[in-house]
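Lettered A, B, C, D, E, F and G in written order, each chain numbered from 1.
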Amino acid sequence: MTILFSVLLIFAVAFVGPMAAKYLKNYSGWALSLVPLTVFLWFTGFIPEISGGSVINESYVWVSYLGINMSFYLDGLSLMFALIVTGVGTFIMIYGGGYLGSDPNLGRFYFSVLLFMGSMLGVVLADNIIALFIFWELTSISSYLLIGYKHNKEDSRKSALQALLVTGSGGLAMLAGFILLAIMTGTMEISEMFTQSGIVSEHPWYLGMLILVLIGAFTKSAQFPFHFWLPGAMAAPTPVSAYLHSATMVKAGVYLLARLSPVLSGTIEWTYIVTLFGAVTMLIGAWLALAHTDLKKILAYSTVMALGTLTMLLGMGHEYAVKAVAVFILGHSLYKGALFMVAGTVDHEAGTRDVRFISGLRKTMPFTATFGCIAALSMAGLAPLLGFIGKELVYEAALSASVFPLFLITAAVVSNIAVVASSGIVAIRPFFGEYKEHGKQVHEAPVSMWIGPAFLSVLSIVFGVLPFLIDGSIISKAAASIAGTPELVVSLSLWHGINAALILSVVTFASGVAVYMVWNKFRDSKGFQGYDRWMGEGPKNGYENILAGVLNFASVQTRFFQNGYLRYYLLTVLSFFVLIVGFTLFTKTDVSLMADFSDISFYEWTIALVIVVAAFAAVMAGSGLVAIAALGVAGYSISLLYVLFSAPDLAITQVLVETLTVILVALVLIHIPKFTATTSTSSKVRDGIIAGAAGTLVTLIVLAVLTVDFDPFMTDYFAENSYVVAYGRNIVNVILVDFRALDTFGEIVVIGVAGVGVYGLIKLGKSLFRKEEGKTV
Amino acid sequence: MKQLITNIVLAVIWAAVTGTISLGNLVIGFILGYIVMLIAAPAIDTEQYTRRIRLGVVFVFYFIKELVVSSLRVAKDVIKPGFSMQSGIVAIPMDCESDLEKTLLANFISLTPGTLSVDIPDGGNTLYIHAMYIDNGDIDAVVKEIKNGMERHILEITRPDYKVKY
Amino acid sequence: MEPLLAIVIGILVALSIYLILRKNLVRIVIGIVILSNAVNLLIFTLGRLDRGMPPLIPAGESVPVEAFANPLPQALVLTAIVIGFGLFAFALVLTYRAYTELGSVNVDDMRVAEPAYKGEELPETAITQEEDKS
Amino acid sequence: MISEIIIAILLLSGSFFVLVAAIGVLRLPDLMMKMHASTKAGTLGAGLILVSVGVAFDEISVLTRVIATIIFLLLTAPVAAHLIGRAAYYVGMDFWEGTITDELKKDREDTAAKAPSAKVNRNVSES
Amino acid sequence: MLNGDTIFLDTVLIITFAALSISLVGGVIRLLKGPSLPDRVVALDLIAYIVIAFIATYSIFTGTSDFIDAAIVVALIAFLGTAAFARYVFKAGHESTDDRI
Amino acid sequence: MKSVILQTATRLLFPLLLIFSVFLFFRGHNEPGGGFIGGLVGAAAFVLFAVAFGTEITRKLLRMDPRVMVGWGLFFALLSGIMSMMAGDSFFTGQWVFPILFGSELHVGTPLIFDIGVYLVVVGFTLAVIFALEEEDN
Amino acid sequence: MNDLLIYPLLIPVMTAALALIFFKNRDFQRWINVIGSAALVGASALLLYSVNNDGIQVLQPGNWEAPFGISLVADLFSALMVMITGIKALAVSIYSLGDMDERRESFGFHSLFQILIFGVNGAFLTGDLFNLYVWFEVMLITSFVLLSLGNDKSQLDGAVKYVVINLFSSLVFLSGVGIMYGITGTLNLAAMADALQDTEHTGLVITASMMFLVSFGIKSAVFPLFFWLPASYHTPPITVTAIFGALLTKVGVYSLVRMFTLVFTQDIGYTHTILLWISVPTMVVGVLGAASQYDVRKILSFHIVSQIGYMIMGLAFFTKIALAGVIYYILHNILAKTNLFLVAGIARKYVGSYHLSKLGGIYKAYPLLSAMFAISAISLAGLPPLTGFWAKYTVIYAGLEIGEWVVIGFALAVGLMTLFSMTKIWMGAYWSPLPDEAPVVADKNYKEPTEGQKFALFFPVILIAGLIVILGIFGEPFFSMLFDAADQLLDPSMYINAVLNP
C-alpha cells in the first residue's frame, strides 16, 4: 500500500457505498468501517518510523507543466491527523450505519462521508500545495452534500450553502495565497518551502499572501467572524457533525496553520493576527455555548472555542504552544467526537436535543451516559483525562506568551470557565436528575451507536493516565513538525507539580461549576441574549445581509444592463464602438484631413451626391416602400460607381441584388401596415450624435488608410495565373471560382442556408399563424 | 416543325448575344435553346416565335418614325412653360384577339409618346389608354388614330388577311 | 476620387446608424442594408480605384496587356454583396414573422423573451408572453 | 469622322431625350403624364445612346449586345409602365385639371351598377 | 483626363455626361418630392434608364465595351422592381398614393 | 394582379431571361458574369413567372423543391473539390480537359462544375424565398 | 499539402448537402447527422494527432500558394478547437435524436446543424482574414435560422435582438477586413502579420484592431456588447441552445486570441490593457446576471458571458501560461456548458420546466441525472479536480505571476458567485422538493421518454461528463498540447513560416 493508494482506496469505496447500503442493510456501517480501519491500522505502522525521526515522501507527477504533483509528506503532524481522520472515521461509519439505518438515503450518506474522508486524508497528507488545495476543496464539496443531507428541509439547504460559501470564499482566497507562496518560493512542495521561511517573510508579497492564506484557514476553522457557519451546519445528521466538527473538517484550517507554521510564522504579522483572532474566537465561542440549550449547538460553539484556542496557540508559536496544539487537537478530537455521537444518540432515542426537556437518561441509557460523561470530563479539563493535560499546556503557553500575555491568560481562563459549565450542561443535565416523561419511550441505543463514544472516551482516559503512549510516538513529532524543528522533546504528564497553570485550573473549575449553577438564570437574561445576538447571530446576519445585498445588486444591475430593449442594447454597443475606436484613433494616430479632390469629374460628384441624397431620402421616408425606392436609386447609383471604377461584375451584381431587394421588401411590406413611432426630439438628437460620430470616424479612418502607400502585390500574381493556369480571362471571376473558391463556397452556403431558413421561417410558422384579417396595431 | 424553328431562333439569339457566329456556337446555342425550351415548355406558346421575328423586321421603321415624331412633341410640351393640352383615359375597342396581339398593341401604344396603356380589364377586348393629347377634346379621333395606326400595323403583320374596319 | 468616397461612406454609415437606432424594425433592417452598402464601398475604395480598366484579359492574350484595376477587392465585395443579401433576406422575413406572430414592428414593444422585471411597468403596447411556456 | 458625327448625333439626341424625360418627370402635372415622359423619352434616349455604342465600337459582339439591350428595353419598359400605371389608377390616383375624360371609370361604374358587389382592392387600415 | 478619340467627341461626351447628370438629379428630385409612391417608382424607373444611358456613354468614353453587360442587365431586370412596387401599390391601396417623406 | 399584358410579356421574357442567364453563366469565366450573376438572372426569370402566373405553376416549371436545389448546388460545388482530391491535388485545384468541338478548343474544368453549384444554389435560394413569400400572400 | 485539413470542413458540409437533397427522409437525416459527426470526430482526431506530432499544418486549397490563395492553417490551438467541436457535434447530434421535434427536423434542422459545425471549423482553420469573415457569416446565418426555426413567440423576439446586433458586428468585422487590406495589401493572416512586424502605421493598425475588438467582442459577448446573448439563448429548443451556448461565443474568443496574438501585437500595452478592462466587467456583470435569474437556461446564458471574461482576461495577460489557460478555459467551457444545457433539457423532459420555482425533486428521483449535473456544475464552478478548476487555476496563476492583484481579486469573487449560481440550480431543482404545481405533475398527457430516447439523451451527457472527469484528473498529456499551443501563439514566426515558407 502507498499513501496515494490509501487515499484512493477510500475514494473508491465511496462509490461502493450506495451498493453496500442497498445490499448489506444494517451491517453496511460495520462493513464499510473496515476500510478506514484498515487505513488506520496501516498508518499506525508508520509510528515507529516517524517517531524515529524520519519523514516519508511520496510523489507522482500530475501536471508537470503547472508544477503540480500528487505528492505526500508524512511526518508527525500529518501522521497524527491521518490517524485521527481514519480512526474517528472508523467509528463514524459504524455509528452512521446505526443512526441512519432505516434512511433510504443511507447510500448517499456513505458516498459523501467516504468522499469526505478521502479528501480530508488527502488534505493532511498532501505535500504539494495545490494538491492540498484540491483535497481541501473536495472537503468543501463533500461537506456541502453532508450538511445538506436532509435536503427536503429548507434550513438544511441554507446551512449547506452557508458553509459552502463561507469556506469556499476562504478557499479561493487561500488559492491565491498558495499561488503567491508558490511563486515566492519557486516550489509547490510544502516540504521544500520549509527551508525558505526567511525568503518568504521578507518578501514584499508576504503580508498579502499571509492574509489570503489565513482567510482560507480561518473560514474553514470557523474563526471569528466566520464562526457562524459551524453552528448552522448542525442541520446535518449527527454522524456528520460528529465527524466534520470534531475531528476533521474544522481542523483542516488548524492543520493548515500548523503545516505552514514553519514557513509563515515567526513574524510580527503572524503572531498578532493569528493569536488575536484565535483568542477572540475562543472567548466568543466559549460563551456563546452557554446561550443555547440545543446539545449540538452547545457542542458546536464549544468547538468554535477549541478552534480559537488552537489558532491562538499557533499564533504564539513557542514551544509550549506547539505542544499544547498537538495535545489539544488529539484530546479534542476524542472527547468532541464522542460527545457529538452521544448527543446524536440522545436525540435519536429521546427525540429531542434540548437540554431543558431531557434529564435522568442515565438509567435507561447507561452506556451512553457513561461515555458521555467521561468525554465531558475530558472537555472540562479534569484530571486524569487527556483534556486536562491539554488545558494545562494551554495555560502554560498563555503564561509564556510574548504578546499580550495578560489578555491571553485571562481569555484562556474565562473561556475554559465557560467550557466547564458547558461540559456540565451536555453531560450532567441529560443524564442526571429526574427522568422526564415525554412522548417517546427511551431505550439504550444499539451497540453501533455507543461503541464509538466508548472507544473515544476510554482513549481519553488511557492517554490521560498514560501519556507516554502518545508523547514520544506522535505528539512530540507532531509538535516538532509545527515548530519546524526536527526534534521537540515533549514529556506529557498529569502532574507537573503545583504551578501557575494548576492554580488557574482549579480556579477555572470552581468558577465553571458556579457558572453551571446559575446557568438557568442568566441564560435567558436580556444581557446574555443580547450577547448571543451580537456575537452569534450578528456575523450570520452580516453574511445574510451581504448575500441579500449582492443578490439585490445583481438584479438591479441586470435590470439596468439587460433591460430587454433592443434600442438600448444597440445604443450601448454603438456608443462603445464610437468611444473605443474614436479614442484609439485620436490618441494613436495623427488625424489629418488631407484629401485631394482635384481628379474628380463633375458626373462623379453628381453620382456621389445622388447616393447620399437617396440614402438620406431612405432615412427620412415615412414608409418602408418609399425607403426602398430611395434605396434602389442609391443602389443603382452605386452600381454606376462600380462601372466607373472598372468593376462590371460588381455593377451587375449590385443591380440584381438591388432589384431583388425591392421585390422582397415589397412582398413583405404588403403584410405590414405602416408604423410611425413617436420618438422624442432629444433621443433623435442623441441618436444623431452617435450616428454622426460613427460616420465621421469611418471617414477619418478611410482617409487615413488612403494615405498608406498601398502595394497591391497580389494583383500581378492573379494576372499572371488567371488565364495561363486557370483558363479564365475575367480575373474577378477566376478569383471567385478558383483563387478564392473557398470564400465563394462559404458564400453559397450562406445564401443556401438563408433560403432554407426563410422557407422554414415562413412555412413552419403557418401552423401557428393566427393573423386576423385587417388587424391593426 | 414550329418547335424546331423556335429552337433555331433561340440558337441565333444565343449567337447574337455571345457575339460569335460560328457553327460551334450555333450548335451550343441550339442545345441550350433546347434545354431552355424543355424547361420553359409549359410556359411558352412556341407558335408565336416566327411571327415575332417578322414583326420585328417589318414593324421597326413605322415604330421609329412614330417614336421620334411624337417624342418631339412631348419634348416641346415638357420644356415650354405651362401645360395647355387636354388628356384623359380613353377606351379603345380592340380587334386584336390573341393575347400576343393585345399585348403588342398595348406595349407599342405605351412606347409611343402621348399614349400609355393603362389596362385591359379581365383580358377582354377593351384597351384603356391614357392619352396625353386629346386635341380639341375629340376622343374619337384618338381612338381612330390608334385603330388606323398602331393596331392596323400590328394586325397586318400578325394576320395577312386583315382588313381595316374603320 | 477616393477621398470623396470616404466622405460618402461616412455619410452612409451615419445615416444607417441613425436608422438602426429607430423603433421600427423595418427601418432598422433598411439601416443594415445601407450600412452593408457603405462597407462594400469601403472595401472597394480601400483597394484603390482605377477608371475604365476592368480586370479582364483581352481575347488572344494570356496576360493583361494594359494596366487594370485591382480585381481582389471586386471579388471580395461581390462575395460580401451576396452574403449581405442572404442575411438581409433572412432579416426581412424575420421582421415579417415577428410582425405576424408578435403583432408589432416596434422593437420597444418586443418583450416576450425578456419579460418585465418585478415592478417594471411595460408600455401598454408591449407584447409579452406567459412565463415559461415553451 | 463620319462615324464620329453619327455617334455625336446619336449621343446628343439620346441625352436630349433622356433630359426631356427627366424634366418631364419633374414637371408634368400628374402621374400618368410623368409616365409618358419617363417611358417613352427614357426608352428613346437610352436607346439612341446604346445605338451610338454600337456604332462606336463597330464590333459584332458589341452590336448584338446593344441590340439585345434595346430589345429588352422595348419589351420591359411598357410593361413596367402599364403595371405601375394600372396599380396607381385603381387605387385612386389623382388626375390633373386638364383631364377631360375617364372612360375606364365610367365603364366600371356601369358594371358596378349592374353587379354592386365588386370591389377591386383591399384597404389595409393604418395604425 | 478625357480619353475620347478627339476633342470633338470629348466635347460631345462631356455634354452627354452633363445632360445625364442633370437628368439624374432631376430623377432624384422627383424621388424626394413624390408625393405618392408611384411617383417615386416612376423616378426609379427613369433613373434605371439614365443608368443604362450612362453606362453606354461611359463605354464610348473609356473605349471599353465590357460594361455593356451591366446595361443589358439593368434593361432586363429593373422592371421587375417596378412590377413589385406596382403590386404593392395595388395591394396597399389608396394609402400608397400619399406617402410623403 | 392578373394582367394579360404582363403574362404575355412574361411568355416572351421568360425564355429570354433563361437563355441570357445561361449566357452570363458561361461567359463569366472570361467576361463579366458567372455563376452568381447567371443564377440571379435565371432566378429572376422564375420570379417574373411567379409574379405573372403564381407560384403553383412556377413550381411545376421548376420541377424541384428549391431547397433540394440548394442541396444539389452545394453537392456540385463540393464535387469539384472532391474531383481535385481524387486527381491527387489539393481541394479545389482546377482540373481541366480540352475537348475540341467544331474546331475550337474548349476549356472544361472543375471550376465550371463549381460554378454550376453556385448557379444552382443561387436559384434555389432566391426561389425558396420568393415562393415562400408569394405563397404567404394567398 | 495536407488533406487532413479539409476533412473537418468537407465532412459536415457534405453531410449537410446530402441531408438537404434527401430532406424528405427524416430517418436518413437523423442518422447521417450522427454518422457525419462521428466521422468528424475521427477526422479531427487525425488532424490533432498530426499537428501535435508534426507541427503546424497548412493546406492551400486550389493549390495557390500563400498569400495568393486562401490558406487553411492548423496550429495546435486550431486543432484542439476542431477536436472539441467534433466531440460536441457528436454529442449534440445524438442528443438531438431524443429531443428534436419532427417539425423542425423537416425544415432542415440536421443540415443546419452540420453547416453550423462546418462554419465553426472553417473559422478555426482558416488563415485568411476575409475567409474568416465568410465563416463567421456561415455561422451567423445558420445560427439565425436555428434560433428562429419554430416560430415560437419568444424565439422570434430573441432572434430579432440577436440578428440585429450580430449583423452590425459582421459589418464592423467586414470594415476591419477592408481596412487591414487597405493597409497591408493582403488578407492572409500570416502575410499580414509579417507585413505588420515593422509597420510605420502602428496607430492605424491599432485603430483597426479596435474594430475587430468590437466585432469579435460582440460575437464573444463581452461587456458591454453581450446583450444579445441573454436576450436570445434561452428561447430556442435546448438542443439548439446547447449548440450555441458553448460553441459560438468561443469562436469569437478564438478569433480575438488569434488576432491579438498573431496580428495585433504592435502595442500590447494599449490593446491588451483594453482587453483587461473589458474582461473584468464581463466576468462581474455576467455572473451577477446569472445570480439574478431563476430560469436555468438564463442562468447558464449569463454564465457564458461571465466565463468569457476569464478567457479575455487570460488573453490580456498574454503570457505563455495565461494563453495555455485561455485555451484550456475555452475547451473546458465548451464541455461543461454543453452538458449543463443538455442536462437541463433532460430535466425538463422529466419535470416539465426550466424554471427553478417549478423544478424540484430531481436529486431524489433521478440520481444519474443529478450526478451528471453535479459533475458539470462542479466543473463550471471551477472546483477541483475537474476541468474547470484547471482552467481557472491556470489563468489565475498567470495573473498573479504578473501581479494583477485587483483583476484576480475580481476573478476569484466571480468564481465564488459562479459556485453560488450552480448551487442555486442544485438546490432549486435537485434538492428542493418537487412543487405541487410542477408542470409534469399537472400534465396528464405527459409521456416518459422511451428507452431509445433516454439513451439518446443520456449517452452524450455521460460521454461529456466522462471527458470532464478524465481531462480533469489525467491532464498531463493535455497540458503538454496546451503549452505547445501557447508557444505557437506567443511566437507568431512559427505560424508565419509554416504558411509563407512551406
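The rule is simple: contacts are C-beta pairs under 8 Å (C-beta built on N, C-alpha and C of every residue); 3 or more make two chains touch, one makes a residue touch a chain.
Just so it is clear, the structure is predicted and the values come from calculations on it, not from any experiment.
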Q. Going by the average position of its CA atoms, which chain sits the greatest distance from chain D?
A. A
(Q) Based on mean C-alpha positions, which chain is nearest the centroid of every protein C-alpha shown? (A) G
Q) For the chain pairs D-E and C-E, which is connected through the larger number of C-beta pairs in contact? A) D-E
Q. Just how far, in Å, is the C-alpha centre of chain G from the one of chain B?
A. 61
**Q.** Chain centre separation in whole Å, for chain D relative to chain A (CA means)
**A.** 77
Q. Roughly how far is chain C from chain D, going centre to centre by Cα mean, in whole Å?
A. 32
Q: For chain B and chain F, let me know how many angstrom lie between their CA-based centres, rounded off.
A: 30
Q: List, in ascending order, every residue of chain D touching at least 2 other chains.
A: 16, 23, 35, 39, 43, 59, 61-62, 65, 68, 72, 75-79, 81-83, 85-87, 124, 126
Q. At which residue positions does chain A touch at least two other chains?
A. 555, 559, 562, 564, 566, 570, 574, 599, 644, 648-649, 652-653, 656-657, 659-660, 663-665, 667-671, 674-676, 698, 702, 705-706, 710, 712, 714, 718, 729-730, 736, 738-744, 747, 749-759, 761-763, 765, 768, 777
Q: Would you pick out the residues of chain C that each touch at least 2 other chains?
A: 20, 42, 46-48, 51-54, 56-57, 59, 72, 76, 78-79, 82-83, 86-87, 89-90, 93-97, 101, 107, 110-111, 113-114
Q.
Under the stated contact criterion, what part of chain C meets chain F in this complex?
A. 54, 56-57, 59, 78, 82, 86, 89, 93, 96
**Q.** Residue numbers on chain A that touch chain G, as the complex places them
**A.** 61-66, 130, 133-134, 137-138, 140-141, 144, 148, 151-152, 154, 157, 161, 164-165, 168-169, 172-173, 175-176, 179-180, 183, 208, 550-551, 553-555, 557-559, 561-562, 564, 566, 568-570, 572-574, 576-577, 580-581, 584-585, 588-590, 698, 701-702, 704-706, 708, 710-714, 717-718, 721, 738-743, 746-747, 749-750, 752-754, 756-757, 759-761, 763-765, 767-768
Q. Which positions of chain F touch chain G when the two form their complex?
A. 65, 67-68, 70-72, 74-75, 78, 81-82, 84-85, 89-94
Q: Enumerate the contact residues on chain D facing chain F in the complex.
A: 68, 72, 75-76, 78-79, 82-83, 86-87
Q | Residues of chain F touching chain A in the complex | A | 24, 28-37, 40-41, 43-44, 47, 66-67, 70-71, 73-74, 77-78, 80-81, 92, 94, 96, 107, 109, 111, 114-115, 117-118, 121-122, 124-137
